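Letters are used for the chains, namely A, B, C and D, taken in the order the chains are written, and counting of residues starts over at 1 for each.
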């Protein structure tokens, strides 16, 4: 089985990149399942709207994962009701939070469970992600392929999670920093890992935002409004392709994809 | 001119990797200048010792840059006195701090100034790095090639610095996260940039540290001592090679290097 | 000379408390100068508006100081232009920031300089407050009484500042936490100090905000909108009165004032 | 019933203050139960040693609570084994952590349960304290008096906890900042509350530490070793006395105690 995982999709440009490039990627990589982190898919880059989610589903994304921006748009509450099996939020939010934190999808005769968790280091104050994932893994049949989107800032926490889950899941894929790392690898010949998949969106600017607004904020310390770049001339498509073993939940390979205009 | 820049060299393994691999890299890339971030070169991965610095100089490192671990070893004070022109620390520490924050070296008939600054986001409370670099650039002749080691955590701050300095310096190279990013590029056809060069050291474990100790710390929240890995079987050499224009201070190319055993 | 310093004035309730109680306090304490921290005087508790500032000036506040909320309302830019000598913002923002960070006012034949600085610990990334105040003190005549509003979170940083300035200024008064501390004292028989003056506003709820909204935010981790309490039934007036020596800039006494309905 | 609660006891000086002053306080206030926060009772102010704990028990402290410094001394593990009913650590550490997070003690015919929790804001990454206390309260008989030591930094989080537990516990007492606040009160005529009880230790310096070392750390950003003050000439005893209703678990009164030499 082949699983294509796209990093944080940012704004309209991000959706446009998927519209333009995903069919190419599908032809090339023949994925059986496509997952994308959608926490920045809203038009302003904060959270996700119904319209953005519908576009992404229509374009072929099977499952959307979220992150620290999950609650930025109120429409997320509707999405969790209307599409409970196609969008998830980090598991270490309080148990009473809206939405689910993992979902199982059939891929032919195989089951794939996708789990979303958030880091604690340099992030909002959430419960321990290591214990949160342990709790979920106890509830999942051992023959499920498991893909974990670990939405986190610190490389140490992400690598620690990769090693912590080695042999227990198919893949641990980092998101949130919007910059792809060069370290895709199979940990201990069992679990696919990358520290950050990177971003789908505008490749100029700062993480999909206008560089002028970001620089002004850093240099003046004023609450400058960050403006999302609407220009689709310079784009990037950041993803990983994971190929699984057929007789075990192990990953056979992980391949980094970084297409830029 | 060709400048080879090595990311954070971690512990004895990091020095051994340089001993084993740098001559290969030199043959292959023919650099005129070699810079390395040495903030983790001490045997325990914290700061740098005289012995570690001497080894690195002997092995061909021309200039050492530092970061948040700069003060971890008391021997740094001696090094700043004995080798003032070969080791620098972030410029946005207080002005009265020991050591220099930039240094100029002759490369044939050309001058190259190397500057070290630290990020503010998710880092120790230092002064504004954007203003710190402005102050230094005012003092440097316009015909100097300038290489900036921006030791920082957040991708947004690093990319903002890259764009802020585009056209004003030759290269803005990120360090500190120990994981190489995939985004080496020439910003606006002028300034070489990468979010993080990555680490020189043991490729297994977590950023050069034993994965068991790191995982235990994250899962128990106990002050588990982080143990540096002494095993040289699995190593990585993370660097970038920058080629400069000859008639301007612009970068012509940046090439990512990531060799793993 | 007697100086009355009021802690963070929060919202309409805060202004109403001043309307109701300041005349009583003036009768009782006979201050020659009244200073208030106005960073929460806007109707929603974030920043300050022209209307709020005018009300406070009309009610007898001579000088307004600010804090981390300084830029929350756009009208602050106008206020810095229209009333440059009556409202200040923390000195360790970038030098190019709008507004002044200290101001000198005549009190009879004496000069009093009021300085505003912000902490670094657990606060926005600003420049070093200790160096910022040093720079300002070098520019102020030695016979000026000096009152410092140190807007900071951590008790260690506030106490350190108090000791750092002992003998060099008349008073170091902490603001920002909205809870008055019990430690008003004259450090080394020279400088008046309190870790936090506390809040002028509604005494029920959480720091002037509705307790339900604050609790909901902490327990759900959702971006619950914090609602300011508009109820003036339960109020508090937090201030300190400093009496100065007449033949030196030293403080003779500091008196905590905490009136609650 | 009267409960005397002492804030963070810092170092040898803190223990000496208890030796000198606790008998006076006992005579004056006639407490039935004495609790103290012991997270800084070790000779260097970091964590607690067996010797320090034994001294505090011998001097009449019934129960010791801890905080973020709980694991600073290895002897804590022995103490949790040897005195499981007399020392507790924050409940929102991982469930597998050594030690207990609450303990019940008989006071005549009444039961008093003491609970220790830690804040999340500006503190180490722990699980949600609001959910942690909910879980414990479900296990405690409704007729137990309950005293909560909430070891936290942010005033907003502490006040939110006070309101959250109003009517459900006897007292919510803040610790950690080492500076007593002026806001002791009975919330809604039910629950005794104070944002911070303050420190037992040396009243000069910065929170029990030498002011020179603390100032040097803030101004130089060097890893200056913080030296605990050994001088017992200037001391302070910070505590609160809570008187409970006899026919309910409500608090009748809370009285701030701040004795300084």
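Everything that follows uses one rule, which is that a residue touches a chain if its C-beta (ideal position, glycine included) is under 8 Å from a C-beta of that chain, and two chains touch if they have at least 3 such contacts.
This is a predicted model, so every value here is computed, not measured.
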{"item": "Between subunit A and subunit D, the fewest steps along chains that touch one another", "value": "1"}
{"item": "Pair with more cross-chain C-beta pairs in contact, given C-D and B-C", "value": "C-D"}
{"item": "Whole-Å gap between the CA centroids of subunit B and subunit C", "value": "42"}
{"item": "Centre distance in Å when subunit C and subunit D are each reduced to the mean of their C-alpha atoms", "value": "29"}
{"item": "Junction residues of subunit D, two or more chains touched", "value": "94, 125, 128, 131, 219, 221"}
{"item": "Touching residues (chain side subunit A, partner subunit B) in the complex", "value": "122, 128, 130-131, 153-157, 159-160, 163-164, 177-183, 195-196, 198, 205-207, 209, 211, 214-215, 218-219, 221, 256, 258"}
{"item": "Partner subunit B, residues of subunit C touching it in the complex", "value": "94, 120-121, 125, 127-128, 131"}
{"item": "Contacting residues of subunit D [partner subunit B, same complex]", "value": "71-72, 93-94, 96-97, 124-126, 219-223"}
